[in-house]
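Below, chain A partners chain B and then partners chain C, in two separate complexes.
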Partner chain A sequence: MTAKNDLVLDISDLVVHYETMEGTVKALNGVNMKIEHGRTLGLVGETGAGKTTTALSIMRLIPDPPGIIKSGKIMFEGNDILKLPESKIRELRGSKISMIFQDPMTSLNPVITVGEQIAEVYRVHETISIKQAEEKANEMLELVGIPSQRSCEYPHQFSGGMRQRVMIAIALACNPKLLIADEPTTALDVTIQSQVLDLMKELIKKLDMSMIMITHDLGIVAEVCDEVMVMYAGRIIEQGSVRNVFKNTLHPYTEGLFNSLPSIHNEKERLKPIPGLMPDPIELPLGCAFAPRCSYADERCNKGIPEIRNYDTHSVACYAYDRPGFKLRGRN
Partner chain B sequence: MAQLYVQTDNETVLQKRKRISKAAETWIRFSKSKSAIVGMIVFCLLLLVALFAGILVDYEEDVIMVNLPERLKAPSAEYPLGTDGLGRDILARMIYGTRISLGIALASVVFQVIVGTLIGATAGFYGGKVDNVLMRINDVFAAIPNLLMAITIATALGHSIINMIIAIGISGTPALARIVRATVMTVKNQEFVEAGRALGGNDKQIIIFHLIPNCIAPIIVQGTLRIAAAILATSSLSFLGIGIKPPTPEWGNMLSAGREFLRNAPHITVIPGIFIIITILSINLMGDGLRDALDPKLKR
Partner chain C sequence: MAEELIRVENLKKHFKTKYGLLYAVDGIDFSIEKGKTLGLVGESGCGKSTTGRLIMRLIDSTGGKIIFEEQDITHIKGNEMHELRREIQMIFQDPFGSLNPRKSVYELINEPLRWYNVCKSKAEEKEKIESLMETVGLAQRFINTYPHELDGGRRQRIGVARALALDPKLIVCDEPVSALDVSIQAQILNLLQDLQQERGLTFLFITHDLAVVNHLSDDVAVMYLGKLVEKAPVNEIFSNPLHPYTQALFSAIPSIDVDNKRERILLKGEISSPINPPNECRFAKRCIYVQDICRQKEPELREVSPGHFLSCAVK
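Moving on, here comes the complex of A and B:
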C-alpha cells in the first residue's frame, strides 16, 4: 500500500462560519488535517479555537442554521463527506466514524437502560435481531470493563467514569475506522481520567482504528497521542509529532501553553499565562490572529496571515522563522 | 476482561433473569404506594366486570326488559341497587353499563395518546414551519370547548359507539399534543439526542428511541386524567341525549333517566354518579402510582 492509501481522513482547506445576529463567526478558517491509519492525533487549543467545530464537521453535524460549511473537502474512504447525501452520511455515523462526547452525564438518555442504548447502535446499522443486539451490547460492556449484568441499569446508577465507559462502548460498537473523542475526560476526576484514557488506548490498538483526541490538556496529549495539532482562532498553527512539538516547540502560542502549566520542579515560580484573550471570532485581525498577544510579533505579523510551513522538525505557521536565526526564548 | 468470552448460554440465562427482575422492580416500586394499589384493584374489578358483563347478566332479560310492576323499588335483597323507572334491575344495568362507559373511555384515550403523541412529537422535533402549521391546527381544535366539540362531532357523524370514541378522542387530542410537544422541545436539545445523531440515527429513530420515552411520564399522567375526563364526557353526552341511546345502558344516560324521579327515588341517579366517581378516583390513583414506578430517576 502506498502512503496515500493509508490515509483515513484527509481534510483540506475547511472553512466553517456561523452566521449569527451579531455577525459572522469565523470558526474555522482553512483547516488542513491528515490522519493515517492506526494513528492518534491530538487537537489542542483553548476554548473557542474551533476544535469541536472541526469534529462536528467531520460528522457533518454542524448545526445549520447558523453553521455553514463555506468551502473545503473532507475525504474519508475516497468520498468527500461534505458532498455525500444525508442518508449515506447517516450510514457512516456511528459505524465508520464515531464520536465520544464531552459530558457523559448528559450524553446518555436518562430513561433508557444502558444495554438498550448500546444495542441501539446495532439496530441502526445492522440487521440483526433484538436478542443478538443485546448479546453484542453485553459483549461491548464487558470489553470496557463493566459486568454485563449491569446492562439493565439506567445511566443515573453509574458513576461518571462508568458512564464514559458506556459512551466508549457505544462509540466502538460497530468497530469504527475513526473515533473522534471530544474532550472525553474533561468531566472526570484525575484517577478516573487515567483509567479511561488507558482503556481507550488499549481498545484503539485492539480494534485497529485511528483517533482524533480533542483536548486542552497537554498531559493527555503526551500520554495518548502520536501527533499533535495546535489550533488557534480556527487555524492550525503548529503540527508535528508529539515528541517534536513538546521538545522543540516552534510557535509562540504553543510555548505560551506550556508556560501556563504548573511545574513540579520549581514550586515558587509563578505561572506565566498568555496575556490577553483570544480575538473575537467575528472580527479576526487582518494579520496573524495571535500577533496581538505575541511577544515576538513585529510589523509584518499584523499585515498578513502566515501559512503553515515545514521548518526543521515539523510544521509551524509563524513569520518569525523568516528572520535569520530566530529562536523562541524557551521554556522554564 | 477475562469475562469477555462468556458462553452465550450463560448470557441468555442472565438476560432472562434480568428481564424478569426489571418488571419485578417496577412492580415493587408501584406496590409501595398503597393508594396506587387500591386504585389498581378497583380498576381491575371494573375491568373484569366489563369483560364478563355478558356472563354476569342476561342482556335481553335483565338489562333492557321492562318490568313496570317492579318500578322505582328501593334497594332490597332482590334488587341490591333497586330498580329504575321502568322496573329494570339497576345492578344489572350498571354491570352492563361498565362495559360501554369504560370501553368508550379507554378507546378514546388510546386514540388521543396515539394521535396526540404523533402530532406533538413531530411538531416539537421539527420546529419551524412544521410546528407552526401543526400547532395552529391544534389551536383551532383546542379553542372549541371540549364538550361542544364532542357534541358537534357526535351530531355530525351520527350516533354510534365508534363515533363517540372519535368525538371524545378528537376533543382531547389538542391538550395531549401540547404536552408532548413541550416535553419534546425540552428534551431535543440535550446532548444525548445529538449523540444519537452521531451514532447514525435518523429522525424517526431519534423520535421513537430518544424523545418519546422521555415523554412517558407526562403522557401517563395526562392519559389517566383523560380516562376520567372521557368517562365524564361519555356520560355527559349520553345525559344530553346525543350519546348512547336508551335502552342500551350507559352510566350517563342512566343518570339522566333518573332525573325525573330524583325526589322519590334518588338512588336511580345517585348510584351511577357514585360509580363514575369511584372509577375516576381509582384510575387517577393508579396513574399516579404508575408514573412514579416507571420513572427511573425516582428509583431507590
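Moving on, here comes the complex of A and C:
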C-alpha cells in the first residue's frame, strides 16, 4: 500500500438509493474505492451494476429526487465531497474533476461553436479575458488533434470521433486531477475508438492525471487501465491490478464475463454465458447478489453478503474461498 | 457442393441528396450457401445495413440483381413479394425500437402468423406461439407482458421468435447483439447458433463486432464505403487478412490478452464521404501502403487464392 497522501480519491462505504414509485432501487450498497495519483482505474460491470451512479456521486450529480446518498464518504483533496456546499462543488466540477460522457452529440450544445464551448470552461473557472480564453481553447483543440481553424464550427459539422475529441478538450481544459470517462468510446467505430483511446492514454500521461474509465468492454480495460474493479449489483466484487484480475480471475462473476466473450482466437467453441439475469435492484437477494446465478454457490452464499478481502494476488468478495483448496474451473 | 440460397450480383444503391449522389452500396457481389452464415463487417456508413435492407427488399436497388433460390427477386411485386417475405426475415439491432410498445408478447409474435393466416384456430395459434416462445427460451409467464416490462435480452428473444414464426430460409441479422450486455449477448449468440443447426437456417450477419463474426460466420465479407474490399472463409481471413483496411480493423479491436500486446495499426483520419467519391481506391486516403496506382482507378475484387477475394492494387 502506498502512503495516504498519494491518494487522489478515497471513497468509503458509499450507499446510494433511488426512491421510486415501485420501491427503493438500491443502486450502490457500500462501495469502497481508492485511486492513487497518476493511475487509471477501470470500472467494469453490466448495465445496472452501479458504474455510472458511482461516477455521478463523485461529481455530486445524482438527481435528487429520486436519488439519495444514504451514507459514505468521498474524500478528495482532504475534503468530503458529500459535505461540501454547492458553491464549492461547482468550483471542483470541470476544473479539478471532469467527466466525459458516452454520447458526444447530446453532451455538446448544438448551437454554440466548439471553440466557445471550450473557452467557456476557462471563463467559468479562471479570471481571464475572452481573448485569452479563446487562445487557450485553440491550444486545447490542437492538443486533441483538431486544427484550431475549426474552432468556429458547430458540433454537427464534426464526426462522432471528432466530437469526442472536443469533449476531451473540454474535460481537460483546466488540467483536472481526476478524469472520469463514462463509456467514452462506446458510440464510436473500432478504428476511431483506437484513435481516441490512444489520445486519452497519451494525454493522461502528459497532464499527469488520474482516471476512472467506466466501460463494459474488458478489452479496453486491458489496453488502457492499471487497475480494475468489477461491479455487480451495486458492490465491488473483485479488485486488483489488470494483470492479476485477467490472469488469475477470482470471482465467479468475472470468470463468467470472460467466458461470455467471443474471442477472435478460439472460434466456434460454444460460449458459456452466465445463466439468468442481474437481480432487480429493488429486491436484492438476502445473501450474495450473484449467488442465484453462481454455479459455485452453497447455502452460506444465500444467507450472508461476503465482504471484499485479500486473497492470493488481489481482493475478492466471495465465500467460496473459505472452502479449503477452492479454485475456479477456469476459462475456456 | 452445398446449394446456393442467395446471390447478389453487382448490387447498387445510390441515394439522391442535396449535395449529389450518395453511393451507399456500389456494386457488390456475394453468395451464401444453404445453412451457412456470411458475416458482413464494416464501420458506420459503409453500407452494410443498406445491403441488408436491399436483400429484404425494404428498399429498391439502383442496379444489380438479387437472386434467391434461382429466382430473380430484384423487381418482384405484390403477391410474389408477399410470399417472398415468408422466406426472408430480419432481426433488428434495437430490441427497444423494433417492437410495438402497445402490443403484448402474444400479439407481437402473433403478428406474422396472422398476416399469413398460418393458424386455423385460436387454439392452434396459442399452441404455435407457446412453442415459438419455448424455442427462443422465453418463459410462458411472459406471454401477456409488454416489451417495456422486459430486459433487452428477452426483448431480443421476441425479435428472434417473430423472425422464426414463418419458418424462413434466410434471416438477415442486423447487429442483433450490439445493444446487449456481454453475458446476455452470449446467450443470444448461442440461441442463434442452435437454431441454425436445428433448422438449417441461413444467416446474413451484419455487425461491426469482429469477435462475434469470427464466432458465428463461415465466410466473412469486409465492406468499406459501399464496396467489398475483402471476402474469404472465416479462418482464412482471420489468420491471413490481406487488405490494409481489414488488417487495421482487426488490429484495432481491444484485446483482453494482457501478455500479448499486438502492434496496432493506427488509421489516420476517418471514413470519407460516400457522396460522389473520386475514381480511386476508396481507402486510399487512409491507407499506409498507398501508391500512385491506387489513385488512378478503383481496384476490382479478384480471387487471390481459392475462396479468398481481395480488392487492392498493391497487395
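Convention: the second predicted complex is superposed on the first by the 330 of 332 C-alpha atoms of A that agree within 3 Å, B and C clash if a C-alpha of one lies under 4 Å from a C-alpha of the other, contacts with A are read in each partner's own complex, and residues count from 1 in each chain.
Here, contacts are C-beta pairs under 8 Å (C-beta built on N, C-alpha and C of every residue); 3 or more make two chains touch, one makes a residue touch a chain.
These figures come from a predicted structure and were not determined experimentally.
Superimposing the complexes on chain A yields a three-chain arrangement in which chain B and chain C fit side by side.
Of the two partner chains placed around the shared chain by superposition, chain B is the only one that A:E139 touches, whereas chain C remains out of contact. Rounded to the nearest 10, the angle at the Cα centre of chain A between chain B and chain C in the chain-A superposition is 80°. When the two complexes are overlaid on their common chain A, residue A:M59 makes contact with chain B while staying clear of chain C.
Contacts of A:A222 after superposition on the shared chain: chain C is touched, whereas chain B is not. Looking at the shared chain after the overlay, A:V230 reaches neither chain B nor chain C. By the touch criterion defined above, A:D189 lies against chain C but remains apart from chain B after alignment on the C-alpha atoms of chain A. Contacts of A:S98 after superposition: chain B is touched, whereas chain C is not reached. After overlaying the two complexes on the shared chain, residue contacts for A:V31 are found with neither chain B nor chain C. Put simply, the nearest alpha carbons of chain B and chain C end up 9 Å apart when the two models share chain A. For the contact definition in use here, the chain B contact set and the chain C contact set of chain A share no residue. Chain B contributes residues 1, 3-4, 6, 8, 11-12, 14-15, 18-19, 21-22, 190-192, 194-202, 205, 209-210, 213-214, 216, 295-297, 299 to its touches with chain A in the complex. Chain A contributes residues 46-47, 159-162, 189-195, 197-198, 216-223, 242-243, 246-247, 256-264, 267-268, 270-274, 277 to its touches with chain C in the complex.
Residues 59, 61, 87, 90-95, 98-99, 101, 103, 106-113, 120-121, 124-125, 131, 134-135, 138-139, 142-143, 145, 147-149, 151-152, 154, 156-157, 167, 170 of chain A are the ones touching chain B in the complex. Taken together, the chain C residues at the contact with chain A in this complex read 43-44, 151-153, 181-187, 189-190, 193, 208, 210-212, 214-216, 234-235, 238, 248-250, 252-259, 264, 266-267, 270-271.
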